[in-house]
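Have a look at the structure that comes next, please.
Residue numbering begins at 1 within each chain, and the chains themselves are lettered A, B, C and D in the order written.
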Amino acid sequence: MTSPSNAQLREILVDMVMARTQSGRLWNLQRQGQVGTVAPIDGHEATIVAAVHALETEHDWVAPQYREPLALRRYGPEILERFMLYSLGHPAGGHIPEPIRVLPNQISLGTQIPHAVGIAWGMTLRSEPGVALVFFGDGSSSEGDFYEAGNLAGVLNAPVVMLCVNNQWAISTPVHQQTAAESFAAKAAGFGIPGIKVDGNDAAAVYDAVDEARSRALAGKGPTLVEAVIYRLGAHTTADDPTRYVPPEDLEAARRNDPILRLRSQLEELGLWDDDAQAATEAEAMDLLDKALDAAKAMPLSPDAVLDHCFSADTQRLERQRADLLEAGQREDR
Amino acid sequence: MENPLEDVATSDLTMLQAINETLHAEMARDDRVVVLGEDVARNGGVFRATEGLFEKFGEQRVVDTPISEAVIAGATVGLAIAGLVPVAEIQFLGFSYQAMHQLAGQVARLRYRTQGRFDPSITIRAPFGGGVRTPELHSDSLEAQFANMAGLKIAMPATAADAKGLLAASIREPDPVLFLEPLRGYRGIRGDVPDGEHLVPLGVARTAREGDDIVIIAWSYQVELACRAADTLRSEGLSVRVLDLRTIVPLDIEAIATAVSHCGRAVVVQESCETGGFASEVIATISDECFWDLEAPVARVSGYDVPYPVGMLEDHYVPDEARIIAAVRHTLELA
Amino acid sequence: MTSPSNAQLREILVDMVMARTQSGRLWNLQRQGQVGTVAPIDGHEATIVAAVHALETEHDWVAPQYREPLALRRYGPEILERFMLYSLGHPAGGHIPEPIRVLPNQISLGTQIPHAVGIAWGMTLRSEPGVALVFFGDGSSSEGDFYEAGNLAGVLNAPVVMLCVNNQWAISTPVHQQTAAESFAAKAAGFGIPGIKVDGNDAAAVYDAVDEARSRALAGKGPTLVEAVIYRLGAHTTADDPTRYVPPEDLEAARRNDPILRLRSQLEELGLWDDDAQAATEAEAMDLLDKALDAAKAMPLSPDAVLDHCFSADTQRLERQRADLLEAGQREDR
Amino acid sequence: MENPLEDVATSDLTMLQAINETLHAEMARDDRVVVLGEDVARNGGVFRATEGLFEKFGEQRVVDTPISEAVIAGATVGLAIAGLVPVAEIQFLGFSYQAMHQLAGQVARLRYRTQGRFDPSITIRAPFGGGVRTPELHSDSLEAQFANMAGLKIAMPATAADAKGLLAASIREPDPVLFLEPLRGYRGIRGDVPDGEHLVPLGVARTAREGDDIVIIAWSYQVELACRAADTLRSEGLSVRVLDLRTIVPLDIEAIATAVSHCGRAVVVQESCETGGFASEVIATISDECFWDLEAPVARVSGYDVPYPVGMLEDHYVPDEARIIAAVRHTLELA
């Protein structure tokens, strides 16, 4: 097991600050009607960024839920570019280009966990030296897919890291109504695999846990379930009003434990971060986001793109529908 | 059985308000009614359909479940066996796929499997339908798939009054009912809703517009679009009838036959993809019942045969007034 | 916790012997083409019978999988009568009459577990003093329904007893390919409920475990997962050829541990059982089965019964279909 | 693309043998092919469809899974992403309900969601269909439900040769294919199967019997019944065509239109319940394509609108030759 170096921790903080800055900007853009629903990242940065920094991007796959994209910068600038397309509702937002080993957002909760197990299994069949890391929420852990996938991963000894991002809430449902289990890590016993619970606001701890899980997986020792305990600092999404259900005192306490403040002060003490670094990173984040958004807005889209990529080639029915659709367009143009 | 709205006191409500008030009324009326689902209690549902129920009826009867659609549906079977009247919410119809083995294999078959030992007095509510730029699987129209699962009734109201009348009837019904609520209708459909008791029987279609030249057959939010199209065409001198199926199971075959025989021409509108959509069933039924009265083929206006698309493509996918009007004109022009 | 008295153990043995005898007879009847697929009970008797003897039939519900019916005699003779109808493929086989608190067989694996949780939950809502006992196999435990139901039961503290009948096989799949978990009882940790592993060939141990779980549930302490470890002594069903996959030496060892031999010798030592008792019980079992089968065969059935009980009343479509069906029947009669 | 059977060496095989041989051949041909499912390895499948694969290709490529249909389907998505070509078995189609969220929401949408980044080269095999006295949910014909889930192709062979040709094509296809095997056909259908490479393209219907008076449109085992009916009626001097759809998605619309336009009359046979069955889609398609050529309404012969029944009632539910013949006669008699 290797702990992250200070240089790595600094890279992690950069990505964390970028993610939070961009998430806040997107929130505002949503309010202005410029992008679709946004799921803010506040509070999740250390867990997602540090986990991904423990991976080898060339070999390791990431299967996100939906809150992660802004924190997956390490996999390349294309992630942000595609996420802006996604946020606009452009179909190309789902196409993360080769050879980037990141799946697009998953809306159907828990369904990406079997995919990750399948990828991990497939990599062993092809003797590829990688793992699949799958993110899912405390809420998603209640879906049958989580359990079926964890159980299969255990039986197959698949090189998968199952990372439960326990932000204490699933929309309005608190963890104690999600499960009576002692922890989400405790669910690993049902799969016969190790379960580790870490402080998800501690970037180094998350890095270590994922790094260890990854090493185990690569050594042929199978899957690990990691629970990262954090707190959702924002709303569930732009469509949600958390004041209806989040106790203000809990939120206050959680804010004092903000993962960014924590890593910042640690790096500030080491002289690796300061207000200028913060401001510069925020400015760059805004700039990157605006550029990506502009590029996304400039991406062309023809109406009949709605019919593309359903199948590898149009069926007779799709040919007829394409003709219909183009005709309807012409009617409107008239 | 249906109150003519003229004779009763009414309130102007959105479909969402009508649903919420009906849930309140039915829970007050029958203490066996329990509400379960994701975020239905303290949060009052992600659309506020269950707002106030938790405060009024308490945590025993209004229950937030874990995110487990299969067990939400599956538990309703047990609750019904134990003598309760469960009203479950699936947060979006697209996530009923997670519960399909319980819905199709269990909820729908409890009565048949036990040959009537148990009454599956189960209502499953779920919002669905496009036009509001939701993420994937939030908009999908899956009614045709459910219609092929024998044992489920399927209510798809198009007005606020019907939302009340059909929901009350569904909850009181001894058969399981899938009650589908159009997202665009929650706030986008409003109208006079009878105060007090109001029941609309399952299986009785409604003529939403009178007309003689052609009938548009629709259900749920597409009735709204069909009515707009009919009104537009009326101003051009065309007499377009609109038939609102209200429930697709049971299907009011007689009402369809009467309308189509009278008009001789028909258009069916649905939001689901074309292949295997419920419009096909309506067309097959028309062919069975009144082939000889048809003066032209029945047109279908549908979504296309692709998954429900992302926001920027939605408007090219979802049937709109223009496409309905074009289909009506086309059908009327045919020899 | 109350242990079963000797008198109770004797009653349990009677039911066990009856079940095995009738199961063997049904197997032969299937071979003669008289009844449909049969899932033999051999090896499961102690677990099922003892579990049911720990219940109060008036209040407690039983949700079986499909191997149990012959062992549910304690719930009344109607169980056998209905099971014979079921075995003939008569629809009335699914109708277990009021007020018997037993559900019909469940073919869709694991789906009965959510039902049991719903029943248990419903009983608490109605303040009824009962529990729901649900049987399911080691194989069925891999279905999402098991986990989702267990998790919900934990959250609701529902009075349900989840009894995993671990007979080591799911058709041809051995337990180590079903899960890497240490045991099926270990899966209880994922639900935050107690998990107990018992020797399922020991009727008293099963009785005690279920009795304890039941008491806990009635005391408002929530669900329990009980794993009863046994061995499937017969084929999966009449459609299966276990010689393709069951190691003969394992089967031999399991036969030496046959739950009936075990309880017999215990009761024989106490002077409560002997060859005559055995022969008389077997004879009665055969007699009961034959009578029930004859009654089942005499049960009338009209062709359009196929359309009954789908809904509480025929829809317009069903009316048309009923007319069609009767017409088709008339055509054939001509 | 299709070999005329006269020119090639053939063997007389049951449909089951044809499927088993094809799995052997495709695994030998492409080492990316992996087989997964319940009891598919050492047991060779509960019907022996995968017999011998485990012995020949080993435990890496032929894998018994836990009883978890959702993860069987879900893992195929991951395997395909990782560059494998999974061929999964769902032990009975009725248990695909447990996997519906993965099949409809994931397998079917991987290409669309990723706009072509990944090829979902996934084949899901499942036996289904009645007539063999199976327990509940083993017999259900769910093809219409899948046909309404855009993104899935659905192959339903009716002959042993097509079982081979369509299965080989399905496995090599870059789109996901649901490959449905009729239980009654496993041993009940046999015939000449070309030795060696034999591919039948997805989306091309087959004329199983030539004829001019009327066409019976069917798929899977119902083609067998339709052919028997056609042969019986031929001996009475009627010329009955039989069109075997082979795949319902893609649907060979042109072949349907040609056959119906030629004959002017048609009967569609399906085993699923009537409401929302795929026959409705065929009828709607006929109405779209050749309404003016129709001389009588298209008849449907279907199961009824109830869950697939228990053994003693099965013969009253499943369409048989007599019901098909009656529908043909009736349709021919109509003015």
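As a working rule, a residue touches a chain if its C-beta (ideal position, glycine included) is under 8 Å from a C-beta of that chain, and two chains touch if they have at least 3 such contacts.
Quantities reported herein were computed from a predicted structural model and do not represent experimental measurements.
Enquirer: Which chain has its C-alpha centroid at the greatest distance from the C-alpha centroid of chain D?
Expert: A
Enquirer: Higher C-beta contact count, A-B or A-D?
Expert: Output for the comparison: A-D.
Enquirer: Roughly how far is chain C from chain D, going centre to centre by Cα mean, in whole Å?
Expert: Centre-to-centre distance between chain C and chain D: 35 Å.
Enquirer: Report the inter-centroid distance (CA atoms only) between chain B and chain C in whole Å.
Expert: Distance between chain centres: 39 Å.
Enquirer: Could you check chain C for residues that touch two or more other chains and list them?
Expert: 91, 94, 108, 142-145, 148, 151, 155, 177-179, 310, 315, 317
Enquirer: Could you check chain D for residues that touch two or more other chains and list them?
Expert: 66, 68, 70, 94-95, 97-98, 101, 105, 112-113, 136-137, 150-151, 249, 251, 275, 304-307
Enquirer: Would you pull the chain B residues touching chain D in the complex into a rising list?
Expert: Listed in rising order, the residues of chain B that touch chain D are 94-95, 97-98, 100-101, 104-105, 108-109, 112-113, 136-137, 142, 144-145, 147-151, 249, 251, 272-273, 275-281, 283-285, 287-288, 291-292, 294, 296-298, 300, 304-307.
Enquirer: Give the list of chain C residues in touch with chain D in this complex.
Expert: Contact set of chain C toward chain D: 36-37, 66, 86, 88-91, 93-94, 105, 107-110, 139-140, 142-145, 170-173, 177-179, 239-240, 244-245, 301, 303-307, 310, 315, 317-318, 321, 325, 328-329, 331-332.
Enquirer: Report the residues of chain C in contact with chain A in the complex, numbered from low to high.
Expert: That would be residues 142-148, 151, 154-155, 157, 176-182, 186-187, 189-193, 222 of chain C.
Enquirer: Which residues of chain D touch chain C in their complex?
Expert: 38-39, 42-44, 46, 64, 66-70, 94-95, 97-98, 133-138, 274-275, 304-307, 309-314, 316-317, 322-323, 326
Enquirer: Note which residues of chain B are touching chain C in the complex, please.
Expert: 34, 60-61, 63, 65-66, 68, 70-71, 73-84, 86, 101-102, 105-106, 111-117, 119, 150-151, 153, 173-175, 203, 249-254
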